[in-house]
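Take a look at the structures below.
Two complexes, one shared chain (chain A), two partners (chain B, chain C).
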Partner chain A sequence: MSPVLGIAGYVLREAASRKFIMAFMVGLTLVLAVVALGMRIDVIDGALAASRLFGQEVRATIQSVDVALRPVYQASAFIVFYGGILFGIVACSDFAPSLMSPGRIEHLLALPIQRWHLLAGTFLGVMTLALGGTLYGTTGLVLIFGVKTGYWTVGPLVAGLMACVGFAAVYAVMLTMATLVRSAALCAAAGFAVLVGGIIAGHRQDIAKAFEEGLSRSLFQAVTLVLPRLSALAEAAGDMAASLPLEVRSLGTLLVGVFVFGLAALVVGFWRFEGKDY
Partner chain B sequence: MVTVTASTPAIEVTNLRKTYNRAFRKTGNIALRGMDLSVPRGSAFGLIGPNGAGKTTFIKSILGIVQPTEGTVRVLGGSPEDPRIRARIGYLPERLHLPGSWTPTAFLATVGRLKGLPPDAAGHLSLLERVGLADAVGRKIGGYSKGMRQRLGLAAALIGKPDLLVLDEPTDGIDPMGRMEVRRILQEEVQRGTTLFLNSHLLAETERVCDRVAILADGRVVREGKLEDLVRGESRWVARFAPGVSVEALGSAGFVPARADGVFHVEAPDATVLNAALDRARAAGALLVELRRDGMDLEAVLLGTVSAQAMRAAEVAA
Partner chain C sequence: MEKRQKRRVWLVMAALLFVAAAVLMFAGQGEEPAPPPLEVEFPRRMRQPDRERAERRRTQVLPTPVSADSGTVAERPRPRDPLLAALPRGEGKTAVIIEANALRHSPIGGLLMDCLMRDGGKQLKEFREKSGVDPLQDLDRLVITDEGMMLSGNFENARFKELLGERVSADYGEGARVYEAGENSVTRPDGTTVKRRDTSAIATWNNQLLVVGKSPDEVKAAIDRVEGRGPDEPPAISESSTYGEMYGVLSVEMLSRLIPPEQAALAQRLRDVAKNVELHLDASSDVALVAEVRGPSADDVTDLGKSLGAALSLARIKAQAGEDKDLAQLLDFAKVKPDGDSFTLEMAVPLEVIRERLAICRENRQDAENALDAKEAPQEAGVEQAPVPVR
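Right, the complex of A and B next:
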């Protein structure tokens, strides 16, 4: 078995023992169960005739199911994107620092694995966790609404995958931070900084206008140029979930930008980790 | 391709230097100052020295955890950076941090997987039994005592029957009965042909397990050799005479009374001087009952060596 998979398994086993991650999965299941059991939707000829939540009628005009579900899926995509990244930052901030703790890192480094295996495995383990949680939530939502309304779409799943891409860029920075300073708090802070920076970077053209022309605007543009456009990615994810036309000019370029940012952060982390003494 | 022969040392370091550079400081912390050491294959080798001597840095260097500033490190005929070499090493760190929510079998299975070994649940159970954890197999590691964690760490180090065992304070936190068990396991491993490299503050432990010892002080090996040679007094002898002996007469023959009745010390660098002293004692009417070289324990050897090293360093500085 590949050492990278071995380390990923190590991280996942650690994750399974964390109470708050288990609590999150239970909470997610409860939300899905409440939506599945508490919501009743009547569809006639592909149109939403009536919907009730815990017996209370939800006021809505008669409209086709796909149109009626758009705001639901769009809101879900934003919750999954921002909520998922925020939860990921908090829940995964101490995986890498914990693996690099004294007494554990020496033991791992003395095993017949390469140093990069350790970082790659940690990254893979965390991303598997993020992907699993995201797919569990979004698939559950699609299944519930699909069964209740007969309207099936993969939009929310694709939006969930895009949220994972955004989180990958954020976690790459957190992992790199762990190779510099073994602190869960600083890893989380780095993750928050990238998230906030990524939200700003997504609106950099609009925000830049608020700066005076000259050095300050150029500086802002230079700093935000290298950051991943997370808010633009979130909006694209929302549009995809709601099956709306994309507002971003090129989703491909957006994804490549986020990917390159994450990869660059990881390369710095790998380089630092290779030369570090423990 | 690494060619390993029986004569290839298990560990061989030449001019090993390590300086830890710190941010915002011009000079770093020097941990090793040109260390040379050769550990023969199949030996039980003990590394002793005062705190801060560089023992842990040395152990980390031979495992590739710390990268030397200068010098060469060869382990089992290859570089410790090579995972194939590390696959043949079992290591127990000083403060092994174990995942508390795991069971010992899950931990050993993970270590086995990362060592590239096929799953061997029965073998792991047998290892746990060997280190005295048979009754605690079903419990989570978080509920283990310090001694039990050390035993589990030892079991993890023994996975895959390594050619070299590097153990940093293996009996730390283990009760006296447990220490005996650990000692037995280590002796069995040495008999199997494993090279044992032991770092322990418990000098009596090192004395009982190891056949060779190196003393590390201030980042250098200041003394190294067979244990029996190190603990043997070089020119001091203990002589016991039959009761009724004259202390004054023996004193004039070069014998100094010890604490026990009839027991005397004499300084004799060679057999001629020793026999001359004994002849003088016999001429004074003393009857020799027992004669032996005045041996020291490892603690005395360590203290003597480190003190001498400190004095030499002070002289050089002056």
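Right, the complex of A and C next:
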């Protein structure tokens, strides 16, 4: 396990040196600071009586604070889920290709580690990065609203963790793509394709009705059966963040399913990487 | 060779994992469509069906007034709704209209009918036979006022004379008959009849309106308003406010009497701050209530709104803590919207919650109907088997 952790640490050091990721962390901190300093919320006996952003009244309705904050947490969960995956695709698309660049890969392959350790370590490093960023953002949000309203919930944190599982499936495909073609652009394209496919797969029952009954519909259903159900996971994350009843039959099974898809994609990467000559 | 075998293991493992992932995701998400989110439509303004309904009810055309001095004919008055014309005039009055017919045909109406007919419809049948009025067919609207109540509908088949025969009655105005206070014969369950003194006065108008009041003067005043002899003030409910299945204006006094004694402080605050309360209840799908509270001081009204919002929030927290999910769900939709010298209170009860609560009524009704059927069946069989009389 230690070689995998070593590679993961290497990836994290690489990320820390990148201005792009640092800028993202600074931007996230700024957004949280703006929300914390610019927002004033009046809560009377658990009811949100008034809220002001930079002195301007933004909400005139008086209702239970958890009900009033539902749309805020739901929107945050969607932003964290889709925004996080999109940012992850862009920010992490060249980690694996640069790791496999000529000169560097030979050096890494010369280390006393197995080839799959390299990919697993890269995956673990990127996932640690995604997890850190998500927890930082969602914990900040929960703390700000918790202190200001007195309403504490772990919903947004759980939603953030679910977003990380979604990103794991996407990044595993990107990593596998890097073993096929050493191109950051193609890795990112593969990530986008999985994201779009995942959104479609989550709504496969509704979309399938648009296909004519027969081969085309069966083909669509067969393809989307394997793809990670990202939109279903995103909606569940939104419901979880807002403390609403879940629409999915079993969240745990869905989460494990999406994660296992990621593992499967990663194992395809292992298979390809093991047979590649450098 | 070993490397190739190892690669094959990865490939097989990947295939197995993809299959496992597909199965897990399929089982986790479920293939059945998700139920639509719980949404409640609040009656905030008149909708097209409400407008059409209001227009259909403008059936009364008053005679065109002729100026006594010049003899010129004034502009022809617009047709109007006689029930709205009969409503009390002026501020601080209570008038709540229940759209009985619309409510009867709403989803909640079916549930309420089960509760009303828990005896299998026996009492309703008796009333129908005695009065000639079928409340389920003939009654359109019911109005509750400070002075009594009014019913509108089709009372052509009503047997008023039989029902109110012992009262002194006289024609009044152009199309009304007023039945003054008198004695009423009431049949007891054992079959004996007793006479009871009824102090209320009743008026009928054109077989369309039935006005019940505390005194003959009150019912005559209502008839005067219908026939255009009333004051010029607008009625308590304007036509533009006739939306929902129940709507109207409640005087603050009346409303504070409805608040439970443990909320006496809130009732007093309402009395001090508010002038009147306009409410609208929609039962076309879920039951949604919108109440607009108005008062002379914007600051006081806003404070009252905040107190009310806080009280509702506290009640919701208590319901959640006490695991009263129904009440917590009901209060999920509760909100207060301040708007200057008024605020709007919105509350809703999802239909499913009411259906669960009233399920016992349906069971009782079915049991009663089955019992009635069982009672009638042997009688019918007995009639068939009765021997033909020999001449």
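Keep in mind that, in the parts below, the second predicted complex is superposed on the first by the 277 of 278 C-alpha atoms of A that agree within 3 Å, B and C clash if a C-alpha of one lies under 4 Å from a C-alpha of the other, contacts with A are read in each partner's own complex, and residues count from 1 in each chain.
The definition used in the following text is that contacts are C-beta pairs under 8 Å (C-beta built on N, C-alpha and C of every residue); 3 or more make two chains touch, one makes a residue touch a chain.
All values reported here derive from a predicted model rather than from experimental measurement.
K.L.:
Are chain B and chain C a fit on chain A, or do they clash, once the structures share the same frame?
P.N.:
Chain B/chain C on chain A - fit side by side.
K.L.:
After the superposition on A, what does A:S250 contact: first (chain B), second (chain C), both or neither?
P.N.:
After superposing on A, A:S250 lies in contact with chain C but is clear of chain B.
K.L.:
Which chain makes contact with more of the residues of chain A, chain B or else chain C?
P.N.:
C
K.L.:
Please indicate which partner A:G6 is in contact with in the superposed arrangement: first for chain B, second for chain C, both, or neither.
P.N.:
A:G6: touches chain B, not chain C.
K.L.:
Under the stated touch criterion, which partner chain does A:L69 make contact with: chain B (first), chain C (second), both, or neither?
P.N.:
Once the two structures are laid over each other on A, A:L69 reaches no partner at all.
K.L.:
Once chain A of both complexes is superposed, is A:A130 in touch with chain B (first), chain C (second), both, or neither?
P.N.:
Touch partners of A:A130: none, neither chain B nor chain C.
K.L.:
Is A:G275 touching anything from chain B or chain C once the two structures are fitted on A? First, second, both or neither.
P.N.:
A:G275 contacts both chain B and chain C.
K.L.:
Could you look at A:A172 and tell me whether it touches chain B, chain C, both or neither (first, second, both, neither)?
P.N.:
Neither partner.
K.L.:
Rounding to a multiple of 10°, what is the angle at chain A's Cα centre between the Cα centres of chain B and chain C in the superposition?
P.N.:
170
K.L.:
What is the contact status of A:A96 with respect to chain B (first) and chain C (second): first, second, both, or neither?
P.N.:
In the superposition, A:A96 contacts neither chain B nor chain C.
K.L.:
Compute the least Cα distance separating chain B from chain C in the superposition and give it as a whole number of Å.
P.N.:
Once the two complexes are overlaid, chain B and chain C approach no closer than 9 Å between C-alpha atoms.
K.L.:
Take the contacts of chain A with chain B and those with chain C, and give the residues found in both.
P.N.:
After superposing on chain A, chain A residues 275 contact both chain B and chain C.
K.L.:
Can you list the chain A residues touching chain B in their complex?
P.N.:
1, 3, 6-7, 9-10, 13-14, 17, 101-114, 275, 277-278
K.L.:
Name, in rising order, each residue of chain A that touches chain C in their complex.
P.N.:
My answer: residues 44-47, 49, 60-65, 67, 116, 201-202, 205-206, 225-226, 228-229, 232, 247-258, 260-261, 263-265, 267-268, 270-271, 274-275.
K.L.:
So in the complex, the part of chain C that touches chain A is made up of which residues?
P.N.:
3, 6-7, 10-11, 13-15, 17-18, 20-31, 33-35, 305-314, 316-317, 331-332, 334-339
K.L.:
Given the complex with chain A, which residues does chain B contribute to the contact?
P.N.:
20, 60, 63-67, 83-87, 89, 91, 93-99, 101-102, 106, 110-111, 113-116, 153, 156, 166
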